[in-house]
Each structure stands twice: as C-alpha cells, then as structure tokens.
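Two complexes, one shared chain (chain A), two partners (chain B, chain C).
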Partner chain A sequence: MSALTFTLTIQPNQRVDMSPLVCQALQQRELSEIAAMPLHCGKKTLRVDELFTISGSDSSHIIIKNSFNKLDFIGKNLAGGRITVEGDVGAYLGLGMLAGSISVVGNTGLYAGAEMKKGYLEINGNTGDFLGGALPGNKIGMKGGLILVKGDAGARVGDHLRRGMILIEGNTGDYCGSRMIAGTIAVMGTTGQHVGYAMRRGTLLLWNTPHISASFNDCGTHTLAFLPIIFKAFATLNSRFAESSTAFNRVQRYAGDMAEMGRGEILVKH
Partner chain B sequence: MIINGVTIDATFAEAFPMKATRAIITAQNEKWALIAAQAMTGFATSVIACGCEAGIERCLTPEETPDGRPGVAVLIFAMGGKGLAKQLETRAGQCVLTSPTSALFAGIESDIKIPLGKNLRYFGDGFQIAKVIDQASLNPSLAQSSSTTKRYWRIPVMDGEFLTEATTGQVEAIGGGNFLVLATSQPQALAACEAAIDAMKKIPNVIMPFPGGVVRSGSKVGSKYKALNASTNDAFCPTLKGMTNTDLSADIESVMEIVIDGLTKTDIDLAMRVGIEAVCALGAQHGIKRISAGNYGGKLGPFHFHLQEIMA
Partner chain C sequence: MLTKLTGGTIYDPANGIAGQQHDIYIQDGRIVNPPTADQAIDQEYNLQGKVVMSGAIDMHTHIGGGKGNIARMLMPEDHRADPVARTHICRSGCGHAMPSTFITGYRYAEMGYTSCFEPAILPINARQAHMEMADIPIIDKGGYVMLGSDDYLLRMLTAKKDQQAINDYVAWTIQAAKAIGVKVVNPGGINAFKFNQRKLDLDEQNNHYGVTPREILHVLATAVKAIGVSHPLHVHGCNLGVPGNMHTTLDTIQGMAGLPMHLTHIQFHSYGTEGDFKFSSGAAQIAEAINKNKNITIDVGQVLFGQTVTASGDNMRQHANHKHANPNKWVTMDIECDAGCGVVPFKYKDQNFVNALQWAIGLETFLLVDDPWRIFLTTDHPNGAPFTSYPHLIRLLMDKSFRNDMLATLHPEAQKMTTLASIDREYSLNEIAIMTRAGAAKLIGLKDRGGLSAGNWADITVYTEHSNRELMFTKPDYVFKDGTLVVLNGSVVATPWGTTHTIKPNYDASVEKELQSYFDRYLTMKLGNFKMSDDEITEDGRGHITVHPLAGDVA
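So, the complex of A and B:
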C-alpha cells in the first residue's frame, strides 16, 4: 500500500485548519469519504478535494505535498502513524500529539509541538516561537516525546516545558527554556537573551556559552555521568546529535533561575 | 554412572522458585565497580538468614554498560517480590550509592518493576534531578514495545553525582540448584570445587552465592533444637560416619557443596553440567570419589535437577 498523499493544488488566502487529516481519523475511510471531509479555511468550510488531490490508501502514513505556511494544526492530537510534510507548514504543528511521528521538510510557524504528549516531531527547516510550549493561558507545555529542529528556532523555546526533549541543531531566539517546569532542551547553536528565564527545573544543554542572567549561579565545571547516556540515546536519530563527535560529558553548570524555584540548570559544553 | 572414576549418584538436587533481578554497577574503573558489587552482594549467601542470595554474575566491558564505563552485573534472588525489593533498595543505598564514582542501572527487562533508585533519590534532599529517556520517541519503530521509557535519577553527592536508574525488572527464577563433591581429603575437595567454580563463572544468568561459590556446611531441614529450621547435614559429615545414618563410604573424608541460583532451569542445568565436568576432569586420581546432590525427598521444591540426566 502506498502512503495516503494529499497534494495541495491551490494556496488559499486564508489559513486552513488541517486537524481532521490525522492518521487515526482516516482509518477505514474510502477516498471518496476523505475527499468530502470538511476543512475550515478562514470563515469558509471547504471539502478536502477542493484543496488537495488525493492518492494512495495507507492512512498510517500520510504525505502532504506542496504544503505552505498557512496550513495550521497539521497532526493535531496525532495518536499514531506517520505524517510527512513536503514544504512549509503553519502554526500548531503536532499540537497535543499523543504518539507517532511527524516530519516536515520545510519551515514551521508558531507553537510547533505545543503541548505534545509523546511521539517524534522532526523539523528540517526553521521553526517559529513557542516551540514545544504551552498555549496562551495554559500552564503546562510539552509533556513528553522528542522534537528535533535542524534549523533555527524562534523565541520562547520550551515555554512551560514539563517533560520530553527538544533538540535544536541551529540557533534559538530569546527566552529559550522560559518558565520550564522540567525536561531537556539542547541547542547546538547560539541562544538569545534571557536563557532559562523563570525556569523551575529541567536542563538546558548548550554548545555555546550564552549570556547568563544574574539569577543563575555558577556551580563549577563537572563531568556528568548522565550525559553519555543521553547522547547514546540520540544515536538512532537522523541528526548531528547522533554523531559521536558532538557528544561531551564535561560541562560548566549554572543553577537557576534563582528568581524562581532554582532547581533548573544550564549546562554549557566545556 | 561413572565419569573418569567419579561416581555420579542417581539422585537429584531439589530447588525452589524465587524472584530475581539483575543490577549493573559501573564505576570509573573495574576495580571500583567490583568493590561496589562485592559490597552489594556481601552477606547474601542464603535466604535462611541473609534475606537474599546475591552474587557477581560477571564483569562488563565499557561497550556493554549503559554509560560506557567498566561495570559489573550482579544477580539478587529472594523468596518473594517484597523481600527482593527491600534487599535491593537497602543494598543499593548502603553499598552502591556510597561507593566512589559508582552508577547503578537496571540489568533485566520485565513488566514487573521494582525500585532501584526510585526511593534513593530522596537522599538528594530536593536537589535530585530526573531524566527520562523515551526510546519510542527517539525511534518510532519501538513504539509498540512494552517498556521504552527509562527514568534516571541524578543525586548530588560529595564526589559529583550518583546516577541511578529508577527501577529494574523482577523475574521468576530458581534457587537451590546444587551438587556435592565427595573427596578423600579436604584439599582435594576444595581444589575440585575451585575448578568447578572457575568453569561455572563463565555461564550467564547464574550465581553461586556462597563464599567463593563453595559451601562446606550443607544443611538438612529441621533440628533437634526447636528454634532452628535447619541444621548440619549429618549424613554427609565425615566425622559422624560412625554415629549417624551416614551417606558416606569409609574413604570419604571431606564433602563440599556448590549451590546455584539461576534465572531458568536451563541455566542451572548448564551450570551444573560444566561444574560437574570440571570436577570429573580431575577424576578419581585426584581423590574425587562421588558427586551427589541435596534434596528433601522431592516433596518441597518443584524443580528437580537429576544428576545423571544432566550429565547424560
């Protein structure tokens, strides 16, 4: 069986809510049924086949071709299976994702992986603000799973992150790891201002020394035994994180944010 | 059955179901991993009074350990899950947590989990840090596996951090496999047992929990003293040959026993076979006369290891 493929034929002016097109919702459905499913686009409701041509039949693997940056909510609450997106995507990619994997060839908008519970989210381009964060007003962001970004990320990476890992090969914007409750964020590139702002617990693992705010305290240089275990776990990834040359176990440790609970840490490669 | 002049008795070892777990201890080098492992498995020769039976299974290369350092695999056996969990936690806390540079990991997978560092974390007094690695997220092909999430605890200690996995697996196991070496002198009995232990240490999934793997004070069930559940196995005591219902011939001057705990019957079968082979290789010319085994008439333990079947 070939993957169920949606090829975008027109780029609407309004944003499209793609949340109905997830693997679990398309199981056991005929192509004609899928074609007739409603998608919200601005204030209009369109049939799927008004936007996409549909081919293939394996609903456990969905491919979205010709995607562009107004396709929102791709993979929302995905409960299993695989979604591959060729092109850019809009906001809320993988929002509340429960399991499975999503891979995006291009860039993504705001709130990618926000409040995801489990699964694997791979973004090969850049991503917007609030990666793995919490929706406005909510207090808990990503609760599990793994997000891999091969490009750069915007501001507020892992805002309110509760558990899980966010790996970024590129740079991040300001307030990386802000208000983290726990979890791990690793950044190979540079980070912006106010790293770990108001973080309670959790780990920021950085390859480059950031600007450390006054509310983080230097705990010295250490060789930490858990780092080789984490890097070993990355070995299966299609990423620079999997390369043994990127691994290290000696770090400068900063504890904070002392303006908050202060049980978090920024570990900088030494 | 006679092998190299050694008589293999037509009898069997009687063994019991136990619960077991494996833990992996790593350290800066093998010396310190072994020190921690020896401490953890100390005073664990018999469940009669130690609470568990434990031993070092084997040393592990850095490639075999979770954190890439030299390590040691230890097996711990107890009569029940609760007892096993208590012994594991106590020993981990007092012997591994305290040992310089050590780290502690689960060494066996099972749906039944028992705490390894799960409660030791409180030693961190609030400074402890959890790290969860979800293999299913890292490798979606593992998503259907029953156990893909591993939780580690980083506990700050004076030499740095003590890293421990939160839980390890508990599995069904067998304790009390055994055989007796009957020799014409004490040095010959000991030499034969040493040869057997050297061979048996190469077998995975088993331990020989007594000192050096050898027990010289095999026991029988019961005693003339009401307070005791077990007492000396007088039928195999050479100094009592003339005053008890002995099982020894006149030329036997020393008997030693090797007790084996294993994860499966097959593991114990194999360990007994290589052990008895090593003893028989010395043969009658080195004073080894008989191989026998301890049992309770087959009424107490459901696992029977028939010596002649094992050596067939």
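So, the complex of A and C:
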C-alpha cells in the first residue's frame, strides 16, 4: 500500500485550515469521500480536490507535496500514524498532537508543536516563534514528546513548556525557554536575549554561553552524570545530536529564574 | 397582520391561567382580544397539545459590562472550544461560559427567553454596558445600577446627609445610567477593600468612612422605595461564600425591618459551619426566614457542575477566592471611585465536597421556599453555571427521581450533609412559569411583559410537552418576540432587536451642584459625559427605550 498523497495544485491567496486531514480522520475512507471533504480557506469552504490531487491509499502515512507557507494546522491532534510534508508549512503544525510523527522538509510558521502531548515532530528547515509553546492565554505548552529542529527557531521557544524535549541544531530568538514549567530545551547554536525568562523548573542545555540575566545565579562548573545518559537517548535520531562527538558532561550551571520559583537551570557546555 | 395561536395549553400565572386551553391572537406585536368574526386571520399556528407560556425573563444574568469582557479575555480556551459559525441570518461568535454578545442573544432566544437583566451596571461603565447589550440581538435588556461602595455615597453618609439628598442622588444615578433598579454588592466592602480591609461584616465599619454595611443597605433600600423603583433593592450581601455566612444573611433580613429587599444568588450566602469539614447547609433556616418575611424576594444562583467563570463586582471576596482559580489565572481591579471587579475562572466538580454541597444547598433553597412568586430561577450566569444550563436546572426541580439519581453520584460526605433526598417537592409547569415569567416581570415592574393577556407585548414561547423537562425546555417549537417568530424548532429564524427597559424617577435638579464639583475634583470623566442620553441607545436605529411606570404611578 502506498502512502496517501496530497499534491497541492494551486496556491490559494488565503490560509488553509488543514486540520481535517489527519491519519485518524481518514481511516477507511474512499478517495472520493476524502476528495469531497470540506477545507476552510479564508472565508470560503473548498473541497479537498479543489486544492489537491489525491493518490495512494495508506491513511496511516500521509504525504503532503508542494506544500507552502499558508497551510495551517497540519497534523492537529494527530493520534497516531505519520505525516510527511514536502515544502514549507504555515502555523500550528502538529498543534496538540497526541501520538505519531510529523516530518517537514521545509520551514514552518508560528506555534509549531504547540501544546503537543506526545509523539515526534521533525523540522528540517527553520521554524517560527512559540515552538512547543502554549496558545495565547493558555497556561501549559508542550506536555510531552520530542521536537527536533535542524534549522533556526524564532522567539519564545518552549513558552510554558511543561514536559518533553525540544532539540535545536541552529540558533534561537529571544526569550528561549520563557515561563518554562519543566522539560528540556537543547540549543547547539546561539540564543537571543532573556534566556529562561521567568522559568520555574526545567533545563536549558546550551552549546554557547548566552547573555545571563541578573535573576540567574552562577553555580560554578559541574560534571553531571545524567548528561551522557541523555546524549545516549539521542543516538537513534537522524541528527547532529546523535553524533558521539557531540556529547559532553562538563557544564557551567546557572540556576533561576530567581524572580520565579528559581528551580530551573541553564547548563552551558564548558 | 393578525396571527392566531390555536388550541395551545396556556400557562399564564399573571392572569391566573394554569393549563387551560385557549386561543391567542397577535396583532402589531401585541396580544389582542379575539377579533370579530369578519376579521381575516392572516396566519394560524396549530398548537394543539403544546405548552404555551410568555417569553421567559432572566432577572439576574451578567451579560454586559466590563467584567464580561475581562472574562472573555481571560479565557480564550473556553471560546476556542465552542466556535459558532455564521449562518445566513446569524453572526459568528463563540459560546460557553461567557459567550460573545450575538451568541448570548441567539442562545437565550433559542431557550425561549425574551428579556434579560444585567444586575451590575457600574455608573461609570454604564455606557459600555449598554453598548455591549446593544449588540445582543432578539432579547430585551435592562440593568440595575450598582451603588453602595461608591465614594460619593459613602461621603454623603459620613457627612450625615439627610435621606432626601440620598434619594435624589440615587434617582439621578438611575437616570444617568439608564437603569431599572439599584443593586448593592458587598455593601461598602468593595470600598473597604481599597482601605486594606479583607472582610467586612454587616456591622463592621469601613476603616476610612466609618460606615457599616447595615447603614448602607438601610439608606439605599429606603431610597429605592421612596423614589418609586418597583424592583426592591437588589442585594448581593456581605461575606459571599464564607462558611457561616447564613447568620449574616439572616441578620440582613431582620435588619431591613420590613423594607422590600431582593437577596440575590442566595445560595452563596446560605452556608453554615457544622460537620467535619466545617461547611454545611443553611438553606432550611434561610428558607424559613424567607417564608416568614414577605418583604424579601430571592434568586438562587444555582451551582451546576463544569467549567465556568465567576465575574463579580465583589473584589473583596473574589480576591479571597483567587486561590481556587481553575485554570489558575484571575483578575481583580479597582474601578475609579465607583466599585471594583473580580474575575476568577472556576470549575465546579461533583466529587468536590464543597461544590457538591453548594449544588445541594441551591436545590434545597428552591424546594423549601414555598412561594414561587418570591423566588427566581438563576445560576447567576456565569458565576454558578452558564445560562445555557437552565433546562437542566428545570429538570432537577421538576423531576425528583432524576434529582436523586444525580445526588447519588456526588461526593459521599456531601450527600450526608444535605436533606435534599428527603424533599419530595416537584415544581409544576405553572410554578416554573411563575418563577421565570410572571413573577420576574412583577418583581422588576415590567408593565406589559410576562403575561399573555390582551395589551401585553407578544413575547410567547411554545414547547412540546415532554417527560424529560430538560429536552422540553432546551428546544421550544416557537418563540415569538414582539409578535415576530424568532425561533422555530430551537433555531433562530429572525433577529429583531429588543428594547431597553428603564425607569425615570424624579430628583431635585440641584443634586448636580455638588456632584459637579465632586466630578471636577476626583473623576476622570466630566459630569456631562457621565450622564447617558437616550440617543446613545436609539440613534443607531435598532435600539429603543421603554420607560416603565414607577411604583405608585397609575399604569
């Protein structure tokens, strides 16, 4: 059985809500039924086949081809299966996903992996603000699972992060790990201003020394036994995080944010 | 155009009709006498076997004013979960705990409600409250203006101004805010909060002004009666939600010495301190006091389980409750020299002892108060539950076995602390019609609403009799608003605009002299801008104003 493939034929001027096209919603549906499903595009409602040509039949693996940056809500509440996107995507990629995996070849917009509960999200290009964050007004961001970004991320990575791991090979914008409740964010590149702003608990693992805010305390250098274990967990990833030369166990530790609970830490490779 | 509603079973307590069959005629928006034989009927609805009541009136529901918007901003997740798409006649919006204005109107109408009253219009926010209510389609609106914690009144009391001066100030404020009644919230307590008091009992003095809640209640109730407001002083008492507050409530009833008073969301004020958890039901004693004191009316403020948001002017109590906020985010704020505001999201849980007992206390109150003309069906929307849960509440009141089945699923300790299971009373359709129609119209002083006799505006709701009262009251067959069919089979089919109910009590024009200097000295708004004009409600062409007669006037 070949993967269920949606190939975008036109680029509409308005944004498209792709949330109906997730694996669990397409099980045991005929192609003709899927073709007739409604998609919201701006204020219009379009049929799926007005935007895409559809082929293949395996709804547990969906491929979206020719994707571009106005396709929002891809993989929303995905409950299992696999989605592969060839091209860029819009905002809210994998919003609230429950299980399964999503892989994007290109770049993504705002709120990728926001409030995801479990599963694996891989972004090969760059991503926008609020990666793994919480929707505006909500109190809890990503709650579990793993996000891997091979390019750069925007501001507010892991805003209100509750649990789970965010790995970034490139750089991040300002306020990385802001308002973190718990969880782990690792950044190989550089970070912007206000790292760990108002974080309560959790770990930021950095390769480069950031600008440390006044509300973080320098705790000196440490050799931490859990670091080799965590790097070993990365070994199966298709990523620079998996390379054995990447691992280290000696870090400079900063505790904070003292303006909040203060039980979080920024660990910088020493 | 002459419309005939044929053969319905009529429940019209305003005219002593309880379940008789007769025809109703509608012409030019009003109910009319049966026409002469030669007059042609333009449209006829066959209502054989259907239950016909006047449109329901919610006499206490927070549908306008700043706190609603704060609640909306505070709870975006609640809105995301209930999006409402536009249709060819309805606008889009969102629903649940604090729905958007348009959805508020549609959902009230879809349940057969045709008038709603916002109980807490702050004078300084009156313009915003009326503008917001102007965006609520179909239903009629009105409001009670909030006094009692405003610095001007407290200054008057400290200065020992005579009752006449206070009457003038109250009447002037009602007119300035386009209200139909007066409400007091935690009398003086909102003000005391600003002077760092965190509780204020009935006889406790405000640190700054030296005035007690009892004095405030007394002068305001006296003023309301003296200037001829039909609706008695609408009182949200002291110590809301505090275990043991039933004594404050009983004391408040006694302290009124026979003056008319409406105690609102009394469920939140009927708590004792017995039992292992020091929290118990005071409903029996409260109900007894209400049965005895004919000057008192109440609405219940029933708690129903699920997510909601509490929005109140009582910043003192809301500040104390903030630790229960769920989700954990809340707002309390000052509103310049006028009052305050507190918004705290709440999730009432059936397996929580206190919440389960609150549920039982509300129902006990409903069932133990004898006179349905003096008790009103509310959840204090959205504080006890969103208004969309009214049909469920009606079923709880009308169906003993359903009520007891629900009770059996609650927190076991709470079940032990309530006498609810032993109460056999079931509300009749006629009693529901009194509570939600005729009684409410009489209480507020609406001269031509809430009844089905000739001359009344044709606000009419038609239900299909069903043993499941929740289903019956969720989806009326027909709802007429001012004679226009607005709801068919539970869905909106037309969206006219309701009126704004007001009164215009008289006052001595010299009252503005002192107010002028007070406004210039202390407030951010000029006196001339503070007063609303009728045009502000009517000039867009869709709102209009109905002025009701004062008590004692010949209608």
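Observations, loosely collected:
FYI, the second predicted complex is superposed on the first by the 270 of 270 C-alpha atoms of A that agree within 3 Å, B and C clash if a C-alpha of one lies under 4 Å from a C-alpha of the other, contacts with A are read in each partner's own complex, and residues count from 1 in each chain.
Criterion: a contact is a pair of C-beta atoms (placed from the backbone, for glycine too) under 8 Å apart; a residue touches a chain by one contact, two chains touch by 3 or more.
Bear in mind the structure is a predicted one, so any value in this text is a computation, not a measurement.
Taken together in the superposed arrangement on chain A, chain B and chain C fit without clashing.
Judged by the touch definition given at the top, the superposed model places A:119 against chain B, while chain C stays out of reach.
In the superposed model, A:223 lies in contact with chain B only, and not with chain C. Touch criterion not met for A:211: it reaches neither chain B nor chain C. In the overlay built on the shared chain, the residue A:137 is in contact with chain C alone; chain B does not reach it.
In the superposed three-chain model, the partner touching more residues of chain A is B, compared with the other of chain B and chain C. Closest C-alpha contact of chain B with chain C, superposed model: 22 Å.
Comparing which residues of chain A touch chain B with which touch chain C, the overlap is empty.
Those residues of chain C that touch chain A in the shared complex are 73-77, 80, 327-329.
Those residues of chain A whose C-beta lies close enough to touch chain B in the complex are 80, 82, 99-101, 118-120, 144-146, 163-165, 182, 184, 201, 203, 222-226, 228-230, 232-234, 236-237, 263, 265. Chain B contributes residues 66-69, 103, 126-127, 129-140, 143, 152, 154, 160-161, 163 to its touches with chain A in the complex.
Every residue of chain A that touches chain C in the complex is listed here, in rising order: 135-139.
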